[in-house]
Structures are given as C-alpha cells and as structure tokens.
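Presented below are the structures under discussion, each in the form of structure tokens.
The same subunit A turns up in both complexes below, where it pairs with subunit B and then with subunit C.
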Partner chain A sequence: MIGLNHYLLLATILFGIGVYGVFAKRNAVAVLMSVELMLNAVNINFVAINKFIQPSNTIGQLFAIFVIVVAAAEVAVGLALIISIYRLKKSVNLNDFNLMKW
Partner chain B sequence: MMNIQNLLHISWLIPALPFLAFAIIGLFLHRWPKTAAAASILAIGGSFVLSLPLAFTVFTGAPEQVYEISARWLSMPGLRVDMGIMIDPLTAVMLIVVTTVALLVQIYSLGYMDKDPGLASYFAYQSIFAGSMLGLVVASNFGQLFVFWELVGICSYLLIGFWFGKESARDAAIKAFVTNRVGDFGFLLGILFLTIVFGTLNYSELAVRLAGYNNMAVLLPISILLFFGPMGKSAQFPLHVWLPDAMEGPTPVSALIHAATMVAAGVYLIARAFFIFSHTPQAMFLIAVVGGFTALFAASIALVQNDIKRILAYSTLSQLGYMVMAMGIGAMTAGMFHLMTHAFFKSLLFLAAGSVIHALHEEQDIWKMGQLSHKMPITTWTFVIGALALAGIPPLSGFWSKDEILLGAYAGGYTGLYVLGSLVAFMTAFYMFRLIFTAFFGSNTHGHHAHESSSVMTVPLMILALFSIAAGFVGSPFTDNIFGHFITAPGAHHHEASLTIMAVSSLIALSGILLAWMIYQKGIISHEVLRQRFSGIYQLLYRKYYVDEIYSWLIAVFVDGGARLLEWIDLKIVNGAVNGLAFITGWSGQTLRYTEDGQVQSYALYLLAGVVVILITAMWAVFTALA
Partner chain C sequence: MSFTVNDLIFILTAGLTVGAALGVVFSRNIVHSALFLILAFLGVAGIFFELDAGFLGLVQILVYAGAISVLIIFAIMLVMDVEAGQTNLSNSSRGIHLGGALVALSLAISLGAAIWNSKLSAFLGPRPVSDAVGALAELMLGNYVVAFETAAILLLLAVVGAIILARGVEEK
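Entry: the complex of A and B
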C-alpha cells in the first residue's frame, strides 16, 4: 500500500536531485531545469499532504497550481536572462558568468 | 619697644618689593635697562631698609620671641598649607644677610654688566631671586618654604644660563637644575611625610606636636628625606657636581646665589628644622659625616684648580660642608654664624674676582694673571681681606665662626671631625693664598693691561670687606657672644670659647699661608716639581676625583641603557602588537576575498551550508529540549 511516506520520500529524492543540479551543473539551462525539479518536489509534498492529512479541503492542491503558475513565469524570466547573457558571452556555461568576481 | 605688630604687618613687603620690581621690569621696563636696574636696586634697597628695624626689634627683645601671622592658602582633606610670615632671630639674621648682600651685588652688577645687552632681564632675574629668597626666609611653614625653594632654583637656572649663547652655560644650567631635582624630590617626600604624620606643616605647630613624639621608625626617614633638600641646594656630596659648573653664570650671580645666599638656604633649612633633626641622632650623624666629607673633598680639589672662579666655587662647597657638619654635630649656632660670616667674605671674594675678570676681559686662569696688586689695589686688598677671613686669621670674621665649629666638634667629642676640620682649615688657607700669590702678586704680568674697576664696583667691595672684618665680633667673647644668645634651638650645644682651640686653629691657618708663600711667592719649593712628583694625586684632584666621569658613565649605563631597553620594548612589543593587528586584518582580507569568486552557484552553496547549520542547530535544540 502506498502511503504518505512514499510520497514524501519521492519528493525528498526529487528535491535532492534538484539541489544537486543547481549547485553542480554548469549549464545555465540545466540549472533552470533543476530549479523546476525542486519546485515540483514541493508540489508533490503539497498535494500528498493535502490528500493524506486534510482531505476535506483543497488548500494544498490550490497551492500546487499557484506554484506551477509562478514556476512558469519564473522560467520565462530565467530563459530570457539566459538568452540575453548568451548574447553577451556566447556561452551558457556558468563559469563564464563571473562579473561579480573580486 | 617699637610696636612690633605694625612692623610685622608691613614685613610682607620685604619679599614683595623685589617681586613687584620683577613684574614692573618684565611688563614695562625691558626696553630701558638703566631704569630697570634702578627699579631693581630701589626695591631691594627698600627691603633692606625695612629689614633693619625689624632685626633691631628682634635683637632687642627676648630671644625666644616668635612673631607670626599666617593665612590659609590652600586646604583639602589631609593637607593644609598656609602663607605666612614668621619672624624670629634666625629669620632676622637671614633677612639682614640676604638684603645686604643682594643690594651690594646689584649695585656692583651695574658696573660689571654695563655692556651687556640683556641688562634688563638680568635685573629682572636678580629681583625675582631676591624676592624668592626673602620669601623662603620668612616662610612660616614647609609648604611655603618649598614653593620659594623651587623659585630660587628656577632663578638659579635662569642666571647660570644667562649667557645662553655659550653651550657650556646652557649645559651648566641644565645640570644644576637636574641635580637639584634629585635633592628636591627627596625633600618633597619628606614634607609630605611630615604632613601625613603630623597633619601640619607650620614650624610652630610641628614643634609642639613633635615634643612628645618618639617613634624613631617614622622620624628617621623624615629627617633623612628632609636632608635631601640641603644636599641638593647646598651642594653636598654626592649632589655637589652642579655648583662648580654653575660658575658659568655672571660673576655677581655666583657671588649672590652660588656663594652667599641660595646655597646657604640648605643650611638655613637644617637650622630651621633643627627641632626635627635633633630628635634623631642617626640622621644628625649622617649630616655631620656628609658635611665633613664634603668639606675635605672639595678643599682637596680646590688645591689644584686653575680657574679663579672654580677655586672659589670649591671653596664654597667646602665651607658649606663645614656649616652642614656644624649642624650635624649639634653646633647649630656655630653653623648659622659661619653661614653669616661666609656670606659676607665669600661674596666679597667672588665680587673681587669678578672685578679682576672684568679688568682682564674674561680671563679666569690664575696663571695668566699676576702682579695685579699694583694695578688694582682696592680689588687686591679687599680680596686679601676676604681670603684672610676665609682662612680664619684672627680677628677677622671667619676666624670666630670657624673656630666655633671646631670648638663644637672638639668639645662635643667628635675628635675625628675636629681633626678633619682642622685639615680643611689648613687646605683652605693654602689654596686661597696659592691663588693670591699667583694671581695678585707673582712676578709675571703676561702682558695684560689691567686697571682698577670703577667705583660702582669697588665701593661694594669695600663695604663687604668691612663686614668681613667686623661681622665676626657679634659671636666673639668680646660681645659676650650675643649671636649665640639669640640663635639657638632646643638640642643645640654651646660651648665656652677655648683659647687653646683658637691658638691651634690660628697656627694652622698661618702655616697654610706660609706654605703657600714658600711655594708660590718665594719658590723655595717648586710647584712644578711637586706636581710631577705627585702626578697621580694631582691628576686625581685636578679631575675632581672623576665624579663627573663616574656620573656620565652611570647615566650612560643606566639611563641610556634603560632608554634603549624601553625603545626596544616600544618598537618590538608595543609597535609589534599594533602592527600585528593591522597585519592580521590585512592578511585575513587578502585571503578571504578569494571566496568572492563571482559564481552565484558558490554563493548559493554557502547559503545552503548556512541553512543546514541552522537547521542542525535548531533540531539539536529541539531534541535536547525534548529529552
């Protein structure tokens, strides 16, 4: 029987993969995708907790949809930034984005 | 009896007049040197005139009478200092001596300093010195005395360094000042000790509170600390080194300050505080030994010096040692008596020497003088009178006072000091007449064109010569020793004059003169041969026992060495700490800036690390709270 713990475990693994991607990937697009993974891990949490702990209302599901909307907007802005910086640097490698270096 | 109260009420004018003259000269008259000189002389003349009736009243009254008025000057818990006037026979003697000598010296200075561009400031300094010295004398307590004590020290410094263009004069002034600081520091400690123990500084109150006091463990350090003052000011061994160098000042200054008055202030202080010293036999013994040693030590140096003023300076040292020794053996009367006579004949000697130096255009080497007796008869004969008085030839003043000291030593059972004193008397007669036969008689003129000084200089010489002859009679058996009748203190010993002692000391003085005559006038014994035969001793004496060199060495080792050590500590430890702090800050900045690599990912990583740490801490806190 699949219970709450299984969902939470899945969300944790997904979040972990996202964190790893954000810190370890050097491709800006991949980092953006990793951020999406983390957001989706959170969405799984929201929905699962809503289903198993308080099935009588739908606040968790509402929040999940809210997050998806924000994530879509965020990806749009993020991709726009990456394209603009790509025009400047001819690269999407984060190692080249070091304008704030000492 | 003259109404003493009225006199007393104006007696504060005696020190105030010269101070007023100083202020007037300093503020208004510095452009008119002759007027400044007149103001200064008028002021000290006024003090002299005021002192006369005061002294007359004191010496016609009862000896133990003390007139005192004081007003509170400053007061705080544990310390009260009054400003006041105390007139007793001791003060009266000092007033007469100081005003007389100061007046004569200032008149003499008119002639001696007439070409000097700094005449106005010279007289300003002379005035403030006279005022301070008189203030010291009339002070009613140790606090006030100390203030004036320091003031005369400042005047001494200013006047030694009066010709500050000369490096030697500057150095001498600084040396005098610094050496005196050593003594005055001990003196100040002694005064503070007094006020802590007895709660007052007034002489009369102290005398009352001390009467039944027997705690030697307290009194002995007080006495010894107080004695530091006279040791510095009266130039007793080992703080004597400044006085010979002080001869760099103008000669009238040497006469007034460094022979007659200021250096005698130390002796006066011992007499004033005799009621304290006489309580502690150990301190008295120390004073006697220091005085006796200084007398012999300085007299032996004077034997071989060639500079006329230095010979007189060492003679002053030696005579001060005599007075201090007299105080130490309890012959306080004799010590004060010698102070008085010495003030007259030693200032006479200095002024006469100044007359010679003036005539010879600043020549001070006695071997370059000679045959002055024909060209400067008044100077010569007054000098001879002074020298005879100093040597102790009867019936001149020095004979009576020196004799009384020797008598005190002999009758008091201090046979060693008596022999020492007699030896010093012999040396004194010898070196004075070595000087006279070489400089004033002799055979060689060295081509100098000396001429007698003007009367403004010779008249003070003659007046002082008169005093040098006659001043001793007040303490002689002819006047029933009226001096000893007035100047005495509890614990001071007095002895009946002894003909034997008188005869012996006269013979000693005469033999000293005779020996000098044989060596330096007749040449029966060649002094060149003597010098070569005893070249080791000669060098030792000529170099003043190398005391200056020893002090230089001590200063080089301890003061300079200490300074070097402190410099090292400052550079390496203090600076090191400060610089080290700056270096650590700089170094950490240099190192930590490499964390700012511009990679947003690494910043995020730090953020994550921080979150993890906070999380772990929070969880740990929650779990420990639960457990």
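Entry: the complex of A and C
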C-alpha cells in the first residue's frame, strides 16, 4: 500500500539528484535544470502532505502553484541572464563567470 | 499486504520520474538533458494525478512541460556553439564533483531514513474535497489574495526584466 512516506521518499530522491546536478554540472543551463528538479520535489511534498494530512482544504496545492509561479519567473530571468552573459563571454561554462570575483 | 493497481501506477510513474531525472543529470548532451527534463516533468504530473490533484497536474503539464521546457530548449539553441556531445560535461574539479555527490547522497540517505522510520504512513486525514479547483479559487481570492497579487506582479516584473536582460545593450 502506497502511503505518505513513499511520496516523501520519491521527493527526497528527486531533490538529491537536483543537488548533485547543481554541484557537478558546469553548464549554467544544466544547473538551472537541476534547480527545476529540486523545485518539483518540493511540489510533490506539498501536494502529498496536503492529501494525506489535511485533505479537507487545498492549501498545499495552493502553495505548489505559488512555487510554480516563482519557478517560471526564475527560469525566465535565469535564462535571460545566461544569454546576456553568453553574448559577453561567448561561453556558458560556470567556471568562466568570474567577473565579480576579485 | 495487498498490491493494488494504484500501487503499480505509482511505482511506474515514480520510476519514470527518477530515471528521467538521472538522465537529466548524467547525459553528456545538453539537448538530451532537456528532453529528459520534459519526461521528468510529465512523471511529476502523473504523481500529481495520482495524488488527486488533477488541476495541479494540468498546470504542471502546461507550465513546466509546455512553457518552461520550450524556454530552456530555446536558450540552449541560442547559446550552443560547440559540438553537442560535449555540451553538458561535469565539473572538471574532482573535489567539487565528489563533494556534490557526497552532499546529495548524505542528504537523500539521512532524510530518507528519517522518513522511513517515522510514523508518517499512519496518517490519513479526513475525506478529501471533491471540488479542488473551487476550493483553490476561494483560497486564492480570499485569504491568500495578497500572495496571489504579489505572484502576478512578480511574474510581470520577471518577464519585463527577462526581456530587458536578453535584449542587451545598444552599441553607441
């Protein structure tokens, strides 16, 4: 029988994969994609806890929608930043993004 | 211990999601990563349907699998200049690589063990609402109207900011 802990475990695994991607990738777009995976894991947690602990309202789903909104805004701004930096440095390798380092 | 069709569907969607997420992180071609990402989003949408959150599943398909993946693929097409097989390499520094793997593994194992040993599986709250969309609408335009309006303004600002950032500066 699938219960709350199975959903939470799935979210944990997804979040772990996202954390690994953020650390290990050197392409800025790949890092953004890993962040998206982590946000999706959080959404699974919201909806699963909403269903199993307090299903008489939908606040968990509401917050998942807010997370989706913030994720959409983050992707739009992040990709615009990457394109803008690419125009300047001709690279999307995170190791080359050291303009603000001293 | 009975094994129902629902359990089988959960196992299939969860396996699809995790496999696609691993594909995102481990493919060497960034276009393959993006396509795996769409698959992972669809898997998460399946999980939402499984959790009786049909509206959220549709939002997931529309916003994530539709809009965000198209945005990501467009950005990849705009910034890719080397051969595709080399576009998504791992960080060359071994320390960062191993450190990231260590952080991710310890996070997943410790959280997973805590979840597994907890009594969370015993929870089963009151009966779910049948009209989730109506309840969501009442919350959005009732108690959470300020957050709703803030999210709208945030989206507008993000889109305007993205246009300004991506347009670049004009050469004098």
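Brief remarks on what is shown
In this section, the second predicted complex is superposed on the first by the 101 of 102 C-alpha atoms of A that agree within 3 Å, B and C clash if a C-alpha of one lies under 4 Å from a C-alpha of the other, contacts with A are read in each partner's own complex, and residues count from 1 in each chain.
Convention: a residue touches a chain if its C-beta (ideal position, glycine included) is under 8 Å from a C-beta of that chain, and two chains touch if they have at least 3 such contacts.
Since the structure is predicted, the reported quantities are computational estimates derived from the model, not experimental observations.
Annotation: superposed three-chain arrangement on subunit A; subunit B versus subunit C shows no clash, the two fitting side by side. Taking subunit B and subunit C in turn and counting the residues of subunit A each one touches, the greater count comes from C. By the touch criterion stated above, A:Val42 is placed in contact with neither subunit B nor subunit C. Once chain A of one complex is fitted onto chain A of the other, the partner contacts of A:Met33 are limited to subunit C, with no touch recorded for subunit B.
In the superposition on chain A, A:Leu99 makes contact with subunit B only, not with subunit C. In the overlay built on the shared chain, the residue A:Met1 is in contact with subunit C alone; subunit B does not reach it. Superposing the two structures on chain A brings subunit B to within 8 Å of subunit C, judged by their nearest Cα atoms. Residues 19, 22-23, 94-95 of subunit A lie in contact with subunit B in one complex and with subunit C in the other. Contact residues of subunit B toward subunit A in the complex are 593-594, 596-601, 604-605, 608. Across the complex, subunit C meets subunit A through its residues 1-2, 4, 6-7, 10, 14, 17-18, 21-22, 24-25, 30, 33-34, 37, 40-41, 44, 47-48, 51-53, 55-56, 59-60, 63-64, 67-68, 71-72, 74-76, 78-79, 81, 87-92, 96-97, 99-101, 103-105, 107-108, 111-112, 115-116, 118, 120-121, 123-129, 132, 135-136, 139-140, 144, 147, 151, 154-155, 157-159, 161-163, 165-166, 168. Taken together, the subunit A residues at the contact with subunit B in this complex read 19, 22-23, 31, 94-95, 97-102. Subunit A makes touch with subunit C in their complex at residues 1-10, 12-27, 29-30, 32-34, 36-37, 40, 43-44, 47-48, 50-59, 61-62, 64-66, 68-77, 79-84, 86-87, 90, 92, 94-95.
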